[in-house]
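Here come two complexes built around chain A, the first alongside chain B, the second alongside chain C.
What follows is the complex of A and B.
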């Protein structure tokens, strides 16, 4: 497999009254063509900002630095015109909330068609025909009718399917889904995950799933990147990350997932404390105050992401070894 | 269900709104009367009837709504005045609509320094004395009413620009704009297709307020002697004339004033109805 997306030392910072907030703090990440990478982390870990930077859709006050290249083409610091040629055509993004991500006064057909007219230069009629195919591909019932409906006439699940259809319109090599199921109820989540699984089958397109729902990750992803306070703290195959988490944060996240097979009276264990707002305020590891296995050097020495033997990479001085109990 | 788009839906919803329908009908009747009335009437707006100076309205005589001090038929003068007023108001509103929406949407979308520069320019124009400006324009354009009101429209867009900019600022960070951006839709198309139609509601409501404002402004100018010149009439100049004689001949004030009130009310009802109809989420 070849490297499709290469992210090097990517940083995103926001100016604030108390100094710079570093939302993404030096991320290196490779995404292979056709793979499915899950990026997990709690709210504020910078997982969304990282990929908003890749898409150049950061808020106006954000400053991004570093490099992100798609098949050798640099994505950061492009002009708006160059960015527009790539966005939608080679990378597409699916947003969290399908309720607010569709323009309310344009029909579904027009919105899907717009992407095609823009990137493929299709005429109105041809674009509508292709939009119909796309809606059928994401299993929207009565697709011909849906094409002429407005977003508010569709249910949340259908809207998210329409968003997925828009993202797939130009057959991009990479689709980034930013918490695609978070805003939907559980049964719809299951249906959409089934759709993602089906789309994964052909393996001709890489998928990045940004989520805080570990259940989503388990069945779908090839690899998992765990983010904490703007950095990747663990990067591993999905099996080994779940079975043998190495970073105490990953282990904590897994313990915080409710399990049906656990004892009924078993208490759900969360991770105590809050992630720090300012990485770099203290010299050590950003997780040290919440870590149960912290060493003395953790408070002074910030660990970097190191290749662990055959198990992916981890940024920890005292990684957990052995199987999860 | 046969749907042919937003406008089709909007028309259906507008049809369900009684007040808007009445407003639209009254407006239509008034507009037709304004256009066709002066042609159909046996009198001319500047024709003096020496036998009927300042005569009261009567059903039997030649002048149903009476005459003014100079013996000119009040009905035909009112209709003619309405024509002038409507034409001027529509022109000025259309000009300020075009400039205001474009200016506001571009400033709001671009943000940052360009937004700052564009809005400071608006502030500067705001602080200019309007009347002074209009007098200069009259000197420049002479007595050409149409040109004068295109020029007034070109100054009257300031509030519209502010409204549209404010709306655009809030829309710009909305997720559907971000989603469109992430799909590679260029800024120009985002403004025209994703933002401007979304501000149509407040814009239409403001435009229906702008038309009466322009009608009133025109009457003010006519009163100062800068607007419509005798023997031409506008609603404003007729009301000003009527107000001067309202104790002796109240019909000279009542007739043009009631036409103006009917015009403004129906415009407001229609505007309100349009706002409701154009919002696809407001389902009745």
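What follows is the complex of A and C.
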């Protein structure tokens, strides 16, 4: 496999009254062509900001530094016009709320058509023909009719399908989906998860799935990156991450999820404390105050992401070894 | 039809054939329509019991909570509280009712007044319902309740924006429990929280329920959370009860195709099994409640539907004494499943 997206020392900071807030605090990450990488974390982990930086869609007051290169082409620090050329054509993004990313006063057909006209130079008729094919590919029924409808006339599930069709319009090498099913009902989530799995079968593009839902990760991802307080704390293939988590935070997250196949009478094992809103100025590991296996050095000495046994990596002075029972 | 179960004297709350309609305007030229948000819902809630209420958006679960709390007027049916039918005209009875049943909302921050200190937020029900208390007595009760929900009494002088989502939800729970109600209605109380914090709140609710002998209505779309908290579960779809069953029966042998679909829709947090599992999600989406399908409201999405399901509304039939299902074909489906396994 070849590296499609290479992220190096990526940082995102926001000014605030109490000083600079480090939302993303030095992330290195390689995404391979064709793979599905899940980026998991709770609120404040920086998982969305990291990829908003890659897509150049950060709010105006954010400062991004470091590097993110797609097939050798640097994405950070481009002009708005250059960024626009890459977005949609080479990388596409799917957001949690399709209503806020679709244009309310344009029909679905116009919106998908515009992407094709702008990036692929298709004529209007050809673009509409292609848009129809795309809607059929994401299993939108009565596709010809849907092309003429406005976003508000579609249900939440249909809008998200239309968003996926638009993301696929230019056959980008990388699709980034930010909580694509979170806002939907459970049966619709299951339908969309099935659609993603079907679209993944050809493995002709990479998918980055940003989510807090470990169930979605298990069914879709090849690899998992776990983020906490702006950093990657564990990176592993999906089987290892679930069966043998090495970071105490990963293990804690897995235990906190209520499962249909678990004993029901015991308590759920949550993680004490709250996820930090952002990385503080304190030295040491950001997870130390919530960690049950913290060592003395964890409070003073910040662990970096190190290659661990197998192909994974973990940022922890006292990682968990062996199988989780 | 959903027939009322026989009256139970130990019941804290009894809901009988409850229906709620909302008028809906569909453009200025068309006649206003009635949206039947809830139709013929009946159940009993016993002292110390948790009833989980599950369903997707538009299923009527929040309307049900509001109708029980008398925040919306039912169009038909009745609610009994501690054996007495609730008369919505009686202000005195409503006051007693509202002191005895309290609600915890989904969005912890939005449900707390940002201009009020924690002390005032949690003391508000005391000021309304226990006017005999002095300010000092109120503060004592608030401090005791805060430590019960895992917060230090020192937070009393602080304001909601200084707290995380999980802490705000603890404040909301303290406010709901400060009057020591009999019934706590939880409307998606953990849906907005991070997973690591969600577990803390679920455990807290379980502990408080045991300690205080609370009855609970736990409304959620998350079946795994409902399973952790409930003794019985009510499944709603488009305002109708599809199934009512003890927890283990519902999760191990669901009888309604919709319940089965909800269970199948939950992704397994296990990559090996998730890959092996054959996924066949239920098709289509929830139809508009303004124009619901005739017969069984689920027939448009059901793989088992036949002519009768389209024309006739199913009876709410007993599977066992405690388990009821509204499906014409539940016996055939159960037999087919038994054979397949």
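Basically, the second predicted complex is superposed on the first by the 321 of 325 C-alpha atoms of A that agree within 3 Å, B and C clash if a C-alpha of one lies under 4 Å from a C-alpha of the other, contacts with A are read in each partner's own complex, and residues count from 1 in each chain.
Keep this in mind: a contact is a pair of C-beta atoms (placed from the backbone, for glycine too) under 8 Å apart; a residue touches a chain by one contact, two chains touch by 3 or more.
Note that the coordinates shown come from a computational prediction; the quantities given were computed from them, not determined experimentally.
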- Message: Contact-wise, after the overlay, does A:102 reach chain B, chain C, both or neither (first, second, both, neither)?
- Response: first
- Message: After the superposition on A, what does A:152 contact: first (chain B), second (chain C), both or neither?
- Response: first
- Once the structures are superposed on A, label A:118 by its partner contacts, choosing first (chain B), second (chain C), both or neither. first
- Touched partner set for A:57, first chain B, second chain C, both or neither: first
- Message: Applying the document's definition of touch, where does A:248 land relative to chain B and chain C: first, second, both, or neither?
- Response: neither
- Where does A:85 make contact in the superposed view: on chain B (first), on chain C (second), on both, or on neither? first
- Looking at chain A, which of its residues have contacts with both chain B and chain C? none
- Query: Okay, in this complex, where on chain B does chain A touch?
  - Reply: 1, 3, 5-6, 111-112, 173-187, 189, 193-194, 197-198, 280-281
- Message: Going by the contact rule set out above, which residues of chain A touch chain C in the complex?
- Response: 42-43, 155, 157-158, 185-191, 193-194, 197, 212-219, 221, 238-239, 242-243, 252-254, 256-261, 264, 267-272, 274-275, 277, 290
- Footprint of chain B on chain A - complex, ascending: 55, 57, 59-60, 80-81, 83-89, 92-93, 95-97, 100-107, 114-115, 118-119, 145, 148-150, 152, 163, 166-167, 169
- Which bits of chain C are touching chain A when the two form their complex? 56-57, 164-167, 194-200, 202-203, 206, 221-225, 227-228, 247, 251, 261-272, 274-275, 279, 281-283, 285-286
